[in-house]
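Each chain carries a letter (A, B and C) given by its place in the written order, and its residues are counted from 1.
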């Protein structure tokens, strides 16, 4: 189950070409995404009302999505515009989804269109700021999106899964605190007077800081309902205020985890990093992207095998330790969103 | 569901070697096809009555199908002939299927053997005529055989799926008419005063006609129950009578689509072309086969993805437009055949 | 269904490294096998009590199995030993399985631990004898383990499946006798005054016997419950007493078939040969292993396809001929073991 009345990242903008639709299943619903004559993204069910062919196998012509089987032309509202030698007025409509290209991503709203408001799409902190740079990628994961949220809200796994890059023993040992902040679950960890792990040594070097110096390190994970996680991460030269240190004493960035359910047991993982240093260095963006891609691939096997285990033992209860509080609270919010969407549950009067 | 009391193409003759059986599932039933001591094809269940091994993994010896596991020798009637050191008289029989090698194909009757009459196998128009040549191939398709019948009875898809070979805008625009003719569904389309698409330009050239000349083009699709489609196709120099033009003013052929259900959602597609020009030109046969193979491979992805869509949305009704009438009438006939096979339904008195 | 209160071969010893666990499903149960600080093999459920990750993705440290996700350290008794910054006393235990490394294999007891007695693991005849040599391998087979037992208790299949190596017409023709002997099913076949098939010609040559001489050949199959088969095989120069001939007149060995159910329709096949000739010749061990590997791969396709056939026709009865008696009696014993394990069935008073 996934909340439907919510904005999810559907695609990266360059996945949808000018003349070629993209087929993608989101929250269980196969969708065809395409660009109309103005270049604006549209999203409709991936089902031609004529004979049920997937519209995503077709092409875009004059801003309409043309079915590649018999030429039915579909509009962005889910109504058929035309079909050779046919009167199409009586053709049944298919679902059209609210969709918006914002902040470097294409967002879709799988639920009740009447409730979709584009202004609810959260503005990322790095958006439109020239001193930030963003790079990222997309993975398909065969696991419930909530397993990935758990993963990102409990970074003690870095010590084990990512021991050669961002993991270090101190993560395990530092106390962690979780709280709610305006509907967002925040899990924080601060490690003081430590040595930076390989990834951060590289970042310090790139930022003209001595990689061998002692640092204060922070991880501030934010679960933004229904399914995304943004993590403030960084290191500052020891004793300069950590997260609050001046820019020339620290390197910091935001790990971006936009997660979109595909089915009950699979999801799309749009991962990336927005960094607040050397924003003009395109080669560094590529280096980080490559490194991050490797790190997140390490999670992939673990999560898919964890999913398989949970399917094998569906009755087993999992532990909810202090380190799991972020994930547990995130699931509670997801459950509340699901409950609110159940038929018969009205909005407050 | 598929009609069982019917002849289906089971194989091309050269798929069944002299000493090696062929295993193939037809109408849901795994069969072992082999040649007896006279070279005559036999078809039995692919199940050894001894321990259930597939007989198709065995070999043929002295005209019997020998199980490759423990040497049971099976006869073409489904009764065990012998087994080393065993008395086989009491062994349970397996099903034997009426089978016939006719007109360049091996045909099998999966239903009630008492109703099988070889003379009901339809004689193709090109059979035994030296001025016709045939070439073809076999595809496995993961779709209900009726989706392929629909495909072939509505050739407007050529404009989209086969836009670079046989498709052209005029197919979409020409009126289409469908009628019944002695138990066969006939869908006709005539396009006058047009330019030939690439495939037909090639054929005109091969037949010493000017490929740049204006032509009259025809497509006459015939659904022959339970599952085959034969299509008269051709072009004639414009104004010479089209389909009825003299041989030196036209090129024409029959697109052969013998379709055999494998399961509810998969089928065997024996495709080919019988042509009435340059019959002696073996190289041309190969060229056409290669071209046709590419064209029908274009249908494959579309039909398999359409099948997946229909399984995802099982409740949705499809449209039945005028262009779909051929497929709709074909399905009606299939439904009647199925109804007639239901237990308790007698033959007319 | 498989008996659970029994010792099964879980692995070959070198499959479990000092620092890396092995994940393997046995009798339907995913297990993680690893070596503790003494090098002793332990076996626990492949499920971390923290978040359900497979422990087999982790590593071994100080003799504990450490989960590769968040560092929980599991003991060989299925109780958590430690986890960074956590009190683990209340953590739920997971199953720990009795396990023993004996006689060249790792054995596991999936059932009630209270009934497991290591001394019940059968001592192989070749164990600890310097004039015997052993070599073997492991195959995964997608079939019910009982189909493989059937296969090995009826060697008439060698004539067909292994016609180029160990099969010969005389196997089919020689009478076979089956009897019970101290809980073990014994099926014997003796072929006198025959010529050796290729495998045995090679063995005779290796053992300085004339491969062209006439021989007496024997096959004595023993089904050792719940699932293993050991086969005395050999040839002796004709007229010297066959199985009882003096060592310089025969070549003989034991075909070892340790079979472990994975699921209802798949199993692990630990195959090998213990030979009583040229025990010091390591190159010969490799030659035999390679040859045997090829022979048993011939069974693989047959058995997997037989399994698929039996799933397609679940209602069909199979024949139980005299040659099948060994397999039939083996199944009867398996059924008795299963009945004895059913709840409410007590041990004899």
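List of remarks:
Assume a residue touches a chain if its C-beta (ideal position, glycine included) is under 8 Å from a C-beta of that chain, and two chains touch if they have at least 3 such contacts.
Because the structure is a prediction, the values reported are computed rather than measured.
For the two copies, chain A and chain B, the CA superposition rotation is 120 degrees, given to the nearest 5.
For the self-contact between chain B and chain C, the two sides draw on mostly distinct residue numbers; the shared fraction is below half. We define each chain's centre as the mean of its Cα atoms; on that basis chain B and chain C are separated by 48 Å.
Contact with two or more other chains is made by no residue of chain C.
Put simply, chain A touches chain C in their complex at residues 150, 154, 156-157, 159-161, 172-173, 175, 301-302, 305-306, 308-310, 312-313, 316-319, 321-324. Residues of chain A that touch chain B in their complex: 30, 46-47, 49-54, 57-58, 66-71, 83-86, 91-92.
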